[in-house]
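Chain IDs A, B and C follow the sequence of writing; residue 1 opens each chain.
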Amino acid sequence: MSIIVLDRVSVRVPVDGRPAPKTLLQELSLDLTERRIGVIGANGSGKSTLLRLLNGLVAPSGGTVRIDGADTVRAVREVRRRVGFVFTDPLSQLVMPTGREDVELSLRRSIRNATERRVHAESVLERFGLLPLADQSIYELSGGERQLLALAAVLAVEPEVLVLDEPSTLLDLRNRELLRRTLAGLRQQVILSTHDLDLARDMDRVLVVDAGKVVFDGEPAAAVAHYRALSAAGLPSAGGPAGGRLEQA
Amino acid sequence: MSGHGFLLAAYVPGTSLVHRAPLWLKFLLVVGCGMTSFLIADWAVSAAMLVLLCGLFLLSGAGPARLFRAVRPVLPVLVAIGLFQWWQLGAPTAARIVLNVLVCVVAASILTATTPVQALLDGVASLARPFRRFGADPERFALTIAIMLRSIPFVAQAYTDVRDSARARGLERNPRALVLPVFISTVAFARQTGEALAARGLGEPEDPED
Amino acid sequence: MTQTDRPATARTPRRRGRWNATDLGLIAVFAALVAASALIAAIPVGGLGVPITLQTLAVMLTGLALGPGRAFAAVGLYMLLGFAGLPIFSGGRSGLGVLAGPSAGYIIGFLLAATAVGWLTVVVLKRTAHRTGRLRAILLFAAAMLSSIIFIHGLGILGMMVNAKLDFSKAFLADLVFYPGDIIKNVLAVSIALALHKAFPDLLLRRVRTVDPRP
């Protein structure tokens, strides 16, 4: 397993018309070494920011993030080779018109020879059962197939760590199940954020994030219970329109 | 989405002579045909070229239906231009102008029907290689082209969605409200794409420092 | 805390003058936007259902949204692929042959107008950073009109004179038809651009405002 260390990390962004920057993530220190780690929390709680720190998509405003010693700002290339990232919406992630070409694109940096690249891409697609769909337009695939393809394209370069930002949010029940099984079978260390509490229960360790702070860190069952209590607390009693603030993602 | 057939003839796998022809030759064909309108003054030469190119296209085994589909989008415009120029400049000139446009479309279709996108990207990347000393980055250039091609259906879909929703609500009186969602979603899509590229370690500038 | 206020959204530390992956995404997608705008059937607008095509809107918006460098790259990429044979010029035309057609001037004008309005946009945004939104909107509209009159209409007329052998007055009259639509489209483009900058403050505004010598 990789060793991911967040050392006194905080994230703030400037906001127009306000003198003080907005805090997305309050100072925190974490060691992430478990094989399966989940992050749960409300929309806008800071889940995505936390995950994006892990492969340098977000740079910390203070403190450092290191993946096996590699700093996510100074050694961003190295970090991105080690840490694969899967987004919620596979359509924004798939660049090429077909699955085969997208997987080959992933391999462009690592395999220079076009024939070798082709062979390797086929074996990756085969592994995920995507070979029959390899030459179809990504727009003609179902949501589940697209998400699987996005996953395959990221795993093609064999990262050590796989970070997934709400990977099951756009999927139906059947495809969620497929995703769960696929993730369970991976050799990689997996860190994911989710609203899918079933998926969260599969993890070894779950962090609950609220308002830019990690408010719970521990066993999945206890974490889910904590999150449920937290979510119920902010709501008005029954009747009337839901008064909970809708926060932007 | 496959209804957006305006990306010329899509790649048709095959092993014909045209498929096996080197990429630079096909590039040259397209560029050369693009120049015809400057160089050729006789409509009969244009017609002969068109026949030759159609023959080449069919030789690739992509079939006449695909050929027609590639040409179809330009036909209404060509009819209009042809009639106008006939009236303005006479039949031979009108024929030459119309035929030259068809020559370009068919030549480009030969290229796209017989070359997979990856090979095109490699080709573009190698074409851009001489410009490296001026700061060009062939890989990123090729990648940008690929993203553009794959984004056209997205933008087209965004327009279609907007038109449908405008129809559903009746004619929208405020054009800004009508088209703004297209652009907001387009920019969001562009940024997500950029972020996803960065996350995959693609498209970032090479850093000379390390 | 060891460092202060590095913007969190900086996807990668930006090096001078080099576009990062987000810039490439924006360039590519705006090029696609210009292409799609030329191909998509016009949208009926307003009570009379007068159809407008959105290509000049997309071109001007590219400059207003991205600034000169990336707008030049986006519209340039569109033109390059069009010349290379992709049928993405209006009416599905393509190839270098377009340069011999009557609309050649307009197509070249697009590239220069997008770049010019992009450059003016940066100037306007810098100068009006602490002013009211209305002044900013008016100045941007003036910038858009100036750029499109000089480059799109100017070169458009020139193109018709050279390629279609029209004399100046005829070409001028032929071009005049496009003015009412263009004024509307520039108003629209400016209001959309302002909405985009509000929705995505780091699209151009934050880059413009933080003319900060620090790396």
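One rule holds in what follows: contacts are C-beta pairs under 8 Å (C-beta built on N, C-alpha and C of every residue); 3 or more make two chains touch, one makes a residue touch a chain.
Keep in mind that this is a model prediction, so the values were computed, not measured.
Novice: Counting C-beta pairs in contact, which chain pair ranks first?
Specialist: Most contacting pair of chains: B-C.
Novice: Would you mind checking which chain's C-alpha centre is most distant from the centre of chain C?
Specialist: So the farthest one, by centre of C-alpha atoms, is A.
Novice: Could you give the separation in Å between the centres of chain A and chain C, each centre being the mean of its C-alpha atoms?
Specialist: That gives a centre separation of 35 Å.
Novice: Express in whole angstrom the distance between the two chain centres, defined as the mean CA positions of chain B and chain C.
Specialist: Whole-Å distance between the two chain centres: 20.
Novice: Identify all positions of chain C at which a residue touches two or more other chains, and write them in rising order.
Specialist: Within chain C, the residues that touch at least two other chains are 11-12.
Novice: Could you list the positions in chain B whose residues touch two or more of the other chains?
Specialist: Residues 143, 147, 149, 154, 189, 192-193, 195, 197-198, 202, 204, 207 of chain B touch two or more partner chains.
Novice: Among the residues of chain A, which ones contact at least 2 other chains?
Specialist: 57, 76
Novice: Would you tell me which residues of chain A are touching chain B in their complex?
Specialist: Counting only chain A, the residues touching chain B are 55, 57, 75-77, 80-81, 84-85, 87, 89, 91-97, 101, 104-106, 108-109, 114, 137-140, 153-154, 157.
Novice: What does chain C use to touch chain B in their complex?
Specialist: 11-12, 15, 18-33, 35-37, 39-40, 43-47, 49, 52, 54, 57, 61, 65, 77-78, 81, 83-88, 91-97, 99-101, 164, 184, 188, 191-192, 195-196, 199-200, 203
Novice: So in the complex, which bits of chain B are touching chain C?
Specialist: Listed in rising order, the residues of chain B that touch chain C are 6-8, 30-31, 33-38, 73-74, 76-77, 88, 97, 100-101, 104-105, 107-108, 111-112, 140, 143-145, 147-149, 151-152, 154-156, 159-160, 162-163, 166, 171-173, 175-176, 178-180, 183-184, 186-195, 197-198, 202-205, 207.
Novice: Can you list the chain B residues touching chain A in their complex?
Specialist: My answer: residues 1-2, 116-118, 122, 139, 143, 146-147, 149-150, 153-154, 189, 192-193, 195-202, 204, 207, 210.
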